[in-house]
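For reference, chains read A, B, C and D in written order, and residue numbers begin at 1 within each chain.
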Amino acid sequence: MSSGTFAAYRPILIAIAALAALPLAVPLLVGAGLFAGPNTFYNLMIFILIITLAAQGWNIAGGYGGQFSFGHAAFFGTGAYAQAVLQTRYGVNAWVALPLAMALGGLVGALIGLLAFRARLRGSYFALVTLAFAEVFRILANATPITGGAAGTLVPLRIGFGQMQFDAPAAFFYLALAFVAVVLILNRLLERSRFGAWLVAVRENEDAARALGVDTLTVKLKAITLSAAVTAVAGALYTQKFLYVDANIAYGAWISVEALLAPIVGGIGTVFGPLIGAVALIGLGEAAKTVIHAAFGSAVPGVDLVVYGLLLVVVIAFAPRGLIGLLRTRGGR
Amino acid sequence: MLEVQGLTKRFGGLVAVSDVSLTVPEGSITGLIGPNGAGKTTLFTLISGFQTPSAGRVLFAGADITGRTPESLAVLGIARTFQIVQPFAGLSVLENIAVGAYLRCPHRAEAMAHAEAVADRVGLTDLGRPASSLTVAGRKRLELARALATGPRLLLLDEVLAGLNPSEIRDIVPVIRSIRESGVTILMIEHVMQAVMSLCEHVHVLANGRLIGAGTPAEVVGNPAVVEAYLGHGAAGRLQKGASHG
Amino acid sequence: MTAWNETTRRSLLKSGAAGAAILSAPGLVRAQAAPVKLGILQPVTGALAQDGEYGRLGAQLAIDDINKSGGIKSLGGAMIEMVFGDARSSPEAGSQEVEKMHAEGVSAIVGGFASPICLAASQAASRYDIAYAVDVGVSDQIVSRGLKNTFRFGPGFGAVTRAAIDNLVKLNDAAGKPARTVVLVHEDGLFGSGLAKLMNDRLSALGFQILETIPHPTPARDMSNVALRIRALNPDIVIPSSYYSEFVLLARTMQQQRIRPKGIYAVLNGAASNFRFVREFPDAANNVMDCNHWADPRKPKTAELRRQVEATGRFWLYNVPLNYSSVRLVADAIERSGSRDRIKIIEAMATSTFADHIMPYGPTKFENGQNTAAAPVNTQVQNGDIKVIFPDTFADAKAVFPVTG
Amino acid sequence: MFRSYPPQIVLEAVLNGLLTGAVYALVAFGLTLVYGVLHIINFAHGAMLTLAMFAVLVAHIGFGIDPYLAILPLTPLFFAFGYGLQRFVISPASRNDDGAILLVTLGLSIVLENLLLAIFRSDTRTLTLDYSFSVVDTGFALLSLPRVIGFGVALIVAAALWAILALTDTGKAIRAVAKEKLGASLVGIDVNHIYAVTFGLGAATLAVAACLLMPSFYVNPRVGNAFVLVAFTVVVLGGMGSIAGALVGGLVIGVVESLSGLYLGESLGQIGIFLIFILVLLFRPTGLFGAKA
C-alpha cells in the first residue's frame, strides 16, 4: 500500500523537479530562439504560475466539485487587495499579509458559498451568481477609499527578501512554484481522501451522494472555501509581482475567465489540468504574438489574438477531455 | 426496525401517498408492491428523507426520523438504491463503492479494502473500469454495492431487479438473501413477483397512494383487491373463472 | 543571474557583427552604424486599442522623421529601430513586453498610455535601468515612486486640474463672471474620479457652486439620465471628463434635449479634442471647450504632422503629438549622451532641456521624473476646427464664452 | 444621499429606462433562446452583436442602406450566419459538451472581436443620419426618435419570436428540444438542426438589435461587451428561456438602472442591477417567468 502511495505522488514530484530545474534549460531555450532572454522566460513563467494557482483554486470547486464559477475574480481580487492594502495602510509585512490575504479570500468564498449553496444554486445559476458577486466587488472596490478607489493601490518598490520583492526574477519564480507545488500535492491528497471522494460524488450526482451519507452542503462549502483561498493566494502573488492593483485588475472578468479556462483546456478535475492548461493557453498566446509579429510585423493589431482564438477552438475540437486527456490517449497507444 | 405511521404526501392537489402505515420488522425482507404510479417510490423518498411528508411520522429503531436529511439518515444506518440507477459515471466501479464505504471508514486504505470486500459480496469484478461502461445488470449490482458499503442497518431497495433477464435475476437473488443473513433489514419495491415470492416474508401493497393489502406473498396474491388494483376492476373475478375452467 | 546577462549580451553582440564593430570603434561611417533600438509600448488590442493605435502612429512618425534627417548623429548616424510591443490593455502584458524589449536590447522605452500599464511597465524597465518615457499616463503615482528611469513628458492630473481651474477662472472673469454654478460629469476610473475630487475641492473655494458630481461607468450604455439631471439642475457650466464614447452619447443627448449651458468645459476629455467627434457631430461639438494635452498650433511641424496623419485617413488626436514629442525627447537624450548605454541615457534624460517638440511646453525640465514645464492647454471647437484658446502664448483663437443662442 | 427630484424628472427617467430596457430585451432575446434550448451560455453573443453593428455600418457607408432598411437584408444574413456557426463550427468542435461549448464560444468571441479590430481598427464610429437628432415631443418629455422606434420594434420582435415558437412547426420542435432533447430526437426531430435554427434566430435578433442601436449609439470592436452582462441579468430576471420574460426583464432592468442611476449615480447605480440579479438568483432562480425547475 505504501509503495502505491508513493506511486501516486511520483508524477507530481517529477513535475515539480522538472519545473524547478527549468532555469537550467533557459540558456538552451534562449539559444533556440524560443525566448528573447532569460528574464522574458522568468516573467512569462511567473505569470503562468500565478494563473496556474488561480486555476488550481478554481479546479477544486469547479473541477472536482462541479461547481462552475464565473466569478473567481471575487477571490483573486480579495487576495490581491488584501495583500496590497494590508501592507500600505496597516504596515503589515508582506509575508504576514499573504496568509491573511489567503484567509480573507477563503472567508469571501465561504460567504458566497453559504448564500449560493443554501439557495441550492447549481450549474449556470451558480455560475451567474458568482459572476454578479465579482461585479459588485469590482464596482465597490472602484468607489471605496480603503482600496484607493479608482486610483488603485500602489505597493512601494522596496526590493528585499523581507518585503517579498526580489532582485533576481528566479527568486519569485521559485516562490510561485512553491505555492503551485504545494497545491499540486494538496490536490493529490484531496483525490485520495474521503473529502475528495465525496466532493467528486457531489459533482457526479448530488442525490446519489446524499443517499450515501454525504453532507453535500458542507462538502461544497469546504470546497469553495479552499478554492477561494488558493485563488486568493494567486491574487496576493500578483500584487507582489506587479506592486499595483486596481478594481479592473483585481476583480475584472479577465481573471475569472483565465481561472476557468486553464483547467478546462488542461483537463478538468485533474491534478495537472490547471498547470497544463495555463502553460498551453498563455504559451499559445505568447507564441501567436511572437510568430505573427515576426511574420507579418505588428502593423495590423489583433491578428495574433484571432490566431489564438482559432487555436483555442481547434484545441477543444481535438482534445475532448482536455490536453491531459490527449496526452493520456497518446501515451496509451 | 422501521415504522411508518399515517404518512401522507401531497403535491398541490394531488395526493401521492395517503395515510400509509406499515412496519418492517428487524431482520426481515419486506416487500412493497403495487401498480405503476401507486406511490411506492414517493414513499421511499419520504422514508429516506429526500422529501418531507405532508403528514405522518417515520420511526427508525424507535426514534422519530421524520424530516431528517438523507445524509443524516445514512449515518443512522438507512441506505437506499434508486429505481433509475445513478452511478457516478466519471468514476471507476471501485471508486463508486468507496464513496459509500467512506461513511464508516474515514481513511483511504480501509475504505478501499471495505469497498473491495463489498464488491466481492455482490459479485462485481474488474473494479478499475469506469462505471459508465457497466451493463444494466452491472449497474444494478453497483447500486446495491454502494448502498451496502455505507454499512446500513436498513436497506431500501427500489426495483433492483427491474430490467434484468431471468438468469441475471437468478444470480442476484441469493446476493440479496445473503445481505439479509448478514443482519441487514431490507424493504424492497419490486415488480418481479417471482423474486418477491422467493425473498419476502411480508408484503405490503400500495395502489393510488393507499395501502390496500398486506400479508405473506401468497396471501397477497390471493387477495382480490390486490389483483383488481393490478389488472383493473373485475379482473379478480375473471381470473378465478379462468382458473376454474383451466 | 549575472552569468545569464553576460550570455545575452554576448549573443546580442554576436547577432550583428556590424553592431559589434561599431560599438568597439565608434565614429565609423554612417551607413554602417547599427541601429538604436527604441521600445514603443502601446495597447493596440483590448479596451484601450484606440488610444494605443494613435500613440503608435505618433511614435512611428517621429522615428521616420529622425531617421530621414540622419539618425543619431553622435552615434555615427545610427538609425532608430522601433521594437513594438502590444500591451494588450493590461499591466502584465505590458511588463512582459518590457522584458522582451530588454532582451532585444532596446536603449529606451516610450509609451504605455494608461496609468496601470505605465506603472507596471516602468517598474519592469527600472530593473534594467532602461529609460522609460511615459506618453500619457496621468496618474501622479507614476512619478512618485522614486524610480530613476521613469520620466513623464506630459502633465499629470494634478497639473491638469490646476491649469483647468485657473483657466476657467480667467475665462469667466474675462467674460464678466457669467458662470457660477457647475455640474461635474466624470468617468469613474482613475483619471475621471481623481479629477473630480480635485475639482470639487478647489472650485468651491473659488466661489463656484458645484450643484452635483455625476460619476458614470465606462462603457456606459446610456447617458440620458445624466442629461436629464443636467437639465433639471440647469448649471451655467458642465464639466465632463470622460472617454470618447460616453461623451459622444452625452453631447448627442444634450443636443437632443436642447440643453444649452453657457459652456461645456471638458477636462482631459476623450472626445472634445478628437476630430472624429468634430466631423461626425459638428453641431453637438461646436463651442465645446477642453483642457487637455494638445499640440502647439503655432509650430509649423504641428500642421505638417497633422496633414501627414490626416493623409492616412486618421484623425488628429493628442496621442499623436504626445508620442511624437516623447520619442523625439528620448532621441535627443540619446544624441546628447552619445551612447547606447542605458544609464547614460537616463542621465541625459534627467538633465534634458529639450525644446524641439511640438507640445506647448517650452524646454523640458525634469524633477523626480516629471517634466515641470508640461502643461495642458484649453481648446475649443470652433466651426469645425479645434482651436487653442488658452494660455494666450499658444492661442490661435479667442474663446467663445458664454455661448449664446 | 437621496436627492428628491420633481415628478417630471422621475417620469422621464422611467421613460428613458423603458427605451433603454427595450434594447436590453432585444439583445437578451437571442441569449435566452439559446440558453433555453441548448442550455449553454453563449460567450460569443456580445461579439456577434458587435459584428452586426459593423455590418450596419458597412451597409450604410458602403452601400448607402439606411440602418432601418438594413434589417431586411441583415436579419436573414445573420440567421444564416448563426445557423452555420452552430452547425459547422460550435457543434462539431464541442460535440455538444457544455464545458466545450463555453470554450468554443469564448474562442469565437476572441476571434470575432479581433478580426473586427484588424479590419476596422479601434476607432469608435457613429452614424449621423437625418433623424439621429430627431425627437418625439410628448408634451412633457423629449424622446429620441431612434430610441422610440427601437422600443416599438423590440415589441414586434418579441411578438414575432413568440409567434414562431408557438405557431410554427419549427417553433414547436424548438420547444420540444428545449424540454426534452432525447424525447424529441426519438420522435424524429433533428436536434442538431434545431440547435442551429435556434442559434440562427438568436443571431437574427442581434441583427435587428444592431440596426436599431446604430442610429443612436456608437460602434467599436468591443462595443458588444457593454451589453452582455446586462443581457445576462435580463435573462436571469425573466427566466432562462422565456421570451416574454426577457421582454419584461429588459424593461424592468432598464427602469431599475435608470432610477438607481438617478438616485445613486450612474456608477454605483450599476450595483442596483447586480443586487437584483443576486437576489433573484437566491430567492427565485427560475426568474419572473421561468417554469419551476
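As a convention for this text, a contact is a pair of C-beta atoms (placed from the backbone, for glycine too) under 8 Å apart; a residue touches a chain by one contact, two chains touch by 3 or more.
Bear in mind the structure is a predicted one, so any value in this text is a computation, not a measurement.
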Practice item. Return the chain label for which the distance between chain Cα mean and whole-protein Cα mean is smallest. Key: A
**Study point:** Centroid distance [mean C-alpha coordinates] between chain C and chain A, Å
**Key:** 35
Practice item. With chain centres taken as the means of their Cα atoms, state the distance from chain B to chain C in Å. Key: 76
Practice item. Between chain A and chain B, tell me the centre distance in angstrom, where each centre is the average of that chain's C-alpha atoms. Key: 45
Study note, to complete from the structure: Flagged in chain D as touching 2+ other chains are 114, 117, 121-122, 221, 267-268, 270
**Study point:** For chain A, residues that touch 2 or more chains besides their own
**Key:** 139, 142-143, 301-302, 305
Practice item. Name the graph shape formed by the protein chains and their touching pairs; answer line, ring, star, complete or other. Key: other
Practice item. Can you identify all of the chain pairs that touch? Key: A-B, A-C, A-D, C-D
Revision key, fill the gap. The residues of chain A that touch chain C in their complex are 26-27, 30-31, 35-40, 42-44, 47, 139, 142-143, 149-152, 154, 156-157, 167-170, 238, 242-244, 246, 248-249, 254, 286, 289, 293, 298, 301-302, 304-305
Study note, to complete from the structure: So, in the complex, the side of chain A touching chain D is made of residues 115-116, 119, 121, 124-125, 127-129, 131-133, 135-136, 139-140, 142-143, 257, 261, 264-265, 268, 300-303, 305-306, 308-310, 312-314, 316-317, 320
Point to revise | Residue numbers on chain B that touch chain A, as the complex places them | key: 48, 50, 69-72, 74-75, 79-82, 86-91, 95, 98-100, 102-103, 106-109, 111, 146-147, 149-150
Practice item. In the complex, go through chain A and note every residue touching chain B. Key: 1, 192-194, 197-198, 200-201, 203-205, 207-216, 269
**Study point:** chain C residues touching chain A - in the complex, by the definition given at the top
**Key:** 1, 4-5, 7-8, 11, 44-45, 49, 52-53, 84, 86, 90-92, 95-96, 99-100, 102-104, 116, 119-120, 123-124, 126-127, 139, 141, 145-147, 188-190, 192-194, 215, 217
